[in-house]
Amino acid sequence: MSGSDPVLSPSPLYWPVQRQRNRGVRALFCVVAAFVAIYAYLFPGLLSIGGLSKFCQSWFPLALVSMAQAILMLTGGINLAIGATVSLGAVIAATTMSGPLGAPGAIAAVAFAGLGIGAICGLIVVRLRLPAIIVTLAGSFIIGGMALLVLPRPGGEIPAWFSDFLAGGTPVAALLLALIVLAWKLYLATPLGLSLYAAGENPVAAYRSGVPVDAARIAAYAISGLLSTGAGLYVAAQTGSGDPVIGQAFTLNSIAAAVLGGVGFLGGHGTMRGAIAGSLLLSVMVNVMFFLGFPPVAQYVAQGLIIIGAVALPQIGARGRRA
Amino acid sequence: MSDAGATPLFVRRAALFLRSGPFLTVLVVAAVWIVAGLTMAGFGSYGHLRYMLELAAVIGLVAAGQTLVVIGGGIDLSVGAIVTVSAVGVPLLPWDADASGVAAVLAILAGATGIGLLNGLGVAFLRVHPMIMTLAMATFLQGVLIIVAGGSAVSMHNPLVAWLGEARPWGVPAGIVLWVVVSLLTLLILHATPFGARIFALGANPLATSLSGVDVRVTTMAIFAASGLTAGLAGVLMLGMNGQGYVGIGDPYVLASIAAVVLGGTSILGGSGTYAGSIPGSALLVTITALITVVNASPGWRSILFGSLILGLLLLSGRESRRR
Amino acid sequence: MSVPIIAARDVSKSFFGNRVLREVSIELRAGRIHALLGENGAGKSTLINLLSGALPPDEGSIEVDGAAVDHFTPSEARRAGVAVVQQELSLTSQLSIGENIGLGAYPIRFGLVDYKALARRTRAACAMVGLDEDLATSVGDLPLGRRQMVEIAKALYREPRALILDEPTSSLSAHETQTLTRLLERLRAQGVAILYISHRLNEVMALCDYVTILKDGAVTADRELAGVDADGLVRLMVGRDPGDLFPKWTPNVEGKTIISVRGFSCGMARDIDLDLRRGEVFGVGGLVGQGQEDLILGLYGARSASARVAEFNGDSGVPDSVLKANALGLAYVPADRKREGLHLIHTISFNMLLPGYGRARGLTFRDRTNERDLARSLAGALSIKGDLTRPVQALSGGNQQKVALAKWMPNKPAIWLLNDPTRGVDVETKREIYGLLRGFAAEGAAVLLSSSDTPELVHLCDRVAVMREGRIVARIEQAELSEEAIVAAAMGANLAERAA
Amino acid sequence: SQADAAAKCIKGDRKPPFTLGWANIYSVPTWMKQTEGTIAAEVEDLKKQGLVSKLVITDAQGDANTQIQQIQSMIDANVDAIILIAGSSTAPARVIADACAKGIAIINFDSLVDTDQVTAKINTDSAQWGAGAAKWLIDSIGGKGKIIILNGPAGVSVSDDRRKGAEPVLKANPGVTILAETNTAYNVAPAQEAVSNLLFANPQIDGVLSLGGALSAGAVLAFDKQGRAQVPISGENARQFLELWKQKGLKGWATMQPNWLGAFAAYTAVQALSGKDVQAFVKVPLPVIDNSTIDSYLARADKFPADGYIYSPYDQALFDRLLAQK
């Protein structure tokens, strides 16, 4: 947020608006910062290029799916097919990458699959006006089945250079995340992107204001699909292979991250930065618990308490201030 | 509106009933059974129907509490873990003194209710979103299960549990009888008591509900406790039906219960719906699973078929769940 | 005569077989402020939904510049230069004022929203309505009155040829209303066609040139305003002779004090001393958003509040929960009925019975017959007509307000806390509500009425306290009550500040 | 040279007492809990000998991605050896290679990874498991008849490998008809549900080729509940299955994935770190449980959890023998 000086900034509205949006997530930012600090204290190697790269690699896919979940929750939907979509992205990457079209072909195939699947889900939810939760639940079986058809058991191959480029000793993941965040900011700066909030919070009113509500929501589903298969592509690169069930855990984790980040279920409430911070908390928590030497039992208990605490503490704090 | 008085009340009621979500879901289930029964050998025989209802009873029990929670504007992701805890827990209670096994079952049900109550406490007092609260609770219970599972090998034979799993009073499996009883109670509570009305109010507009003098916290805790209780009951029934509880036994019931609720026409946004829809919703899920099992196809195709069936049936029966 | 900018020709509209508009015609002409009047549920909002493309007519046509348009959509309307200030706020709480005003019509550069141009243009629109808040403020942080101004600025931002305002003043204070009036006069001079819906007839009389009156979905008058008086308008709206708007009442003679607080603070409301007596209607005035809502919600136990001394119906201390407040005999009727008062998806009778459900303890059973009778009698008492099993959201705004009031009546509250209960309510309903409030007082209840409608403070209240910036700055007894006195107290320093 | 003699990944620069890390995929299932028991016991032993100082256990909660993250943390914490049950047969390969390059001993058991960048893999032979079960079943139904096959979850290597192992045997016996196959989690309830449905759809079933212990228990319960006569069934050493077998007088056959693979892996890790040569693949023979041996298992049943697995006895001599085999 270094460029947010209102005097120097070319736009007198953009940056103040951005700053406003930080308010809801400040408490979470503090919690996350505290966890990162503890992690860095326990494992000083984090502060090296290599350490940072490795950590970002493990966090990156979760950050992507959390964004994928948050964007749908902003439209008032939810996506239970994220895990399956990640798996599909991974197996498509692992089966096409060593094919005749190589890496570019594979990336195109993954992107196309993600956009297409997302758009179809979106069309069904928006146009047939069916509840997103059950459409995407059904979608998770269909998409998961497709992943099994592409690759019935773990296998496939990602060329070593591709894996090393994306998930080697360099912080490419961090860079990619920054790029994606920037792309998201760009998208939010387009009329369609900015419409997301209005379309999510009060679709009728938004329609009357001339917002292309249906288009905004379907686009959100498509982007969500793209981010999910993108996460799958990255997982494939990171693991050097494809696995038709690799993504399963991402569904619930992405919801947890988004909700931790203050994204609401009724649409139009929350910020992407919050969701990303939520995913960072979930990810860094795993490592902190490891370095604190927690046995599995304690890991489960602590994880439950941390998640509740991260949501409840700001609430209690806010109530204390109000009183 | 003026001509509304002209048609007799029962005719209007009947018309309303015929167009209602629950009835449509029943029709869909019946249609699937009839078509499958005609086209597949052995499918839809009396024994098969009875068995599928028995399976549906488990989902239906979990869905009973889930329906209350969803109508109340929440969602309970810890039901799976609660089912597991109670199925694994009963044999571990070393209460040999009570020959009937009732005490152990009651103790477990009290425990399950207590877990639900904790969920409710978190949602009502800490203001944690239900999805997060119950997800964290499920994680927490996994930790508890590590301690409990694989522990002592007290394989107590609990007569009450065994009866639930095996007995067929009047030719009807005890599990189904239990389900019928719980269904009636749930429907009564939901539609015939002020408490039920409070749940509907809470789900539709919590702020207005609290400003209308409804004790939102108590109501929230009560519905989560009820969800814990029915999940606990489902766990006991599962234990009876499988002769053995194991870790993971409840996992499938999280999504299944939510799917049954939504397929039954209850709005996932809260405030509207009925358990009368979740009942055929549960049967529908079991039916689809049975269909998929007997179809010979690769796992991938089976999964695709399963998803497509849910989607297709949703189109037929889930219209009531639309809103906005 | 010139061609109307936009017009409806013999349009009809039904909802679920319920005919809401019957062959209605209306023409909006340049440089004319056109009033659209009618009771709650007469079909005014529905008609403007047709004029703005939000809904298609079942029959009849919409004409732009004299030519019928087939599929008239919101974007079509925008192109035709029609902008609407909706009755129901259509803002997005997470977006800033600027982003809300530009919504649906952002200036674009390189495919992106041009924030610089947006800031420039929104600032201009805001200046016109006197909105001086930081453009980056989230709309969710604004009080209702300011949101209404944003809504108006949003319409102006589109530089409309035809501006439609659906009850824009229902949540505005006198000062803001004045600003709006001046603005509309300026726009008229610039040749904008204006359609103005309001239940405040004095505003209409002062501002408008032309009037169309709807009754039960049909036009009962379409004429110049000159030559009709307010009573004449009401007669056309209601179909019979109007009585007095305010009931006859005798000032309360020293009822027993039922609420007494000293040094009461809650949110914005600071250091308030208040005595509320049985049998009186106590008014709270002031500009919108000066802490009146905090005061009421604090007294009601819905927001944490503190007081040096507090005595509520014989109980000492401020109630710490709504339940406690209810037990002490308090009832609350909110300004924002959709958010705080009603369960829109539930039936009318459900809403009216809800406090009763809240009071029931344990697992008792509902008595359907009793419920039906109670709901019927409540509906009868407030003349809420029609099927009580319809969802509340199918009711017009005024009738919704009656439901929000009716639901407390079975409780027989000793203390009514009302926050702007006549917002968006038609004259007939207002008359009914006023009668009810004085009736409650006459039966020995205490009524605390916060209102942005100054006449009702003057004619209905025994005493009025005026709030500014969270404090009570004036207390006016019945003898000294006048609109001028209230407005002067409310504006006080504020006018000086704004001038500075 | 000395480096050649040592096992893979071992650089010889690590000195006892060693820190062991167990990267578990999911600690909640009873099989895992029992396995953890054998590892903990073994580590206690090794601690007494001054060979091990600490055992770190991570639980990826079933998520292969989390497991990779935890293995990375183990590398960061510089543990001396990683014992691994892989959550995916391919996913951890790269991080494992990293660990191997850093001289950390990697002992992979039960669920294996498709990489050779490990010190040793320890497992029974899944293909042999499938083949053995199929062979026994076909023999016991007299070489021809109608069977159903119960598999573990789809898309998982172990379940796929067992099924693949059975395939040639089934091919070789054209008299055997496969009525249907199922894929369920390795659990009783879903298996019982699936088999019940198959029972209604198929009036005649001559045998059940079950490729997992809990699956067999579920199948037996389904036959029992629907009042159908039990048929020959293969299975695993799940206590519930073995007890049902005895109780119903089944024609049964079972093998096992011994829980002591965990203890053996810990032992092997220390051996490798201490400079012993360890083969890249240590094959653990599949014990067979049939009517002649089942009583010896059931005699010890009450030492095991009711929903657990009755594994065969083990000791260090057994481990040494297994490590010495060529």
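In order of appearance the chains are A, B, C and D, and numbering begins at 1 in each one.
As a working rule, contacts are C-beta pairs under 8 Å (C-beta built on N, C-alpha and C of every residue); 3 or more make two chains touch, one makes a residue touch a chain.
Since the model is a prediction, treat every value here as computed from it, not as a measurement.
Peer 1: So which chain is the furthest away from chain D, centre to centre on CA atoms?
Peer 2: Of all the other chains, the one whose centre lies farthest from chain D is C.
Peer 1: Between chain pairs B-C and B-D, which one is joined by a greater number of C-beta pairs in contact?
Peer 2: B-D is joined by more C-beta pairs in contact.
Peer 1: Need the CA-centroid distance for the pair chain C / chain D, whole Å please.
Peer 2: 70
Peer 1: Between chain B and chain C, what's the gap in Å when you average each chain's C-alpha atoms?
Peer 2: Once rounded, the distance between the two centres reads 43 Å.
Peer 1: For chain A and chain D, let me know how many angstrom lie between their CA-based centres, rounded off.
Peer 2: 35
Peer 1: Listing for chain B: what residues touch at least two other chains?
Peer 2: Each of 139, 142, 146, 299-300, 302-303 in chain B touches at least two other chains.
Peer 1: Of all the residues in chain D, which ones touch at least 2 other chains?
Peer 2: Residues 27, 61, 154-155.
Peer 1: Output every touching chain pair, sorted by label.
Peer 2: After working through each pair, the chains in contact turn out to be A-B, A-C, A-D, B-C, B-D.
Peer 1: Hey, which residues of chain A end up touching chain C in the complex?
Peer 2: 10-14, 16-17, 19-21, 186, 189-191, 194-195, 197-198, 201-202, 204-211, 268-270, 319, 322-323
Peer 1: Would you tell me which residues of chain B are touching chain A in their complex?
Peer 2: Answer in residue numbers: 77, 122, 126-129, 131-133, 135-137, 139-140, 142-143, 146-147, 255, 258-259, 262-263, 267-269, 298-308, 310-311, 314-315, 318, 321-322, 324.
Peer 1: Contact residues on chain A for chain D in the complex?
Peer 2: Residue positions touching the partner: 43, 45, 51, 54-55, 58, 61-62, 147-148, 151-156, 163, 167, 235, 238-246, 248-250, 253, 283, 286-287, 290-291, 293, 295-296, 299-300.
Peer 1: Can you list the residues on chain C that touch chain A in the complex?
Peer 2: 52, 54, 74-75, 78, 84, 86, 88-96, 98-99, 103-106, 108, 111-113, 115-116, 118-119, 122, 134-138, 154, 267, 303-304
Peer 1: Which residues, counting only chain D, touch chain A once they are in their complex?
Peer 2: These residues of chain D touch chain A: 24, 27, 56-59, 61-66, 68-70, 72-74, 76-77, 88-94, 114, 153-157, 160.
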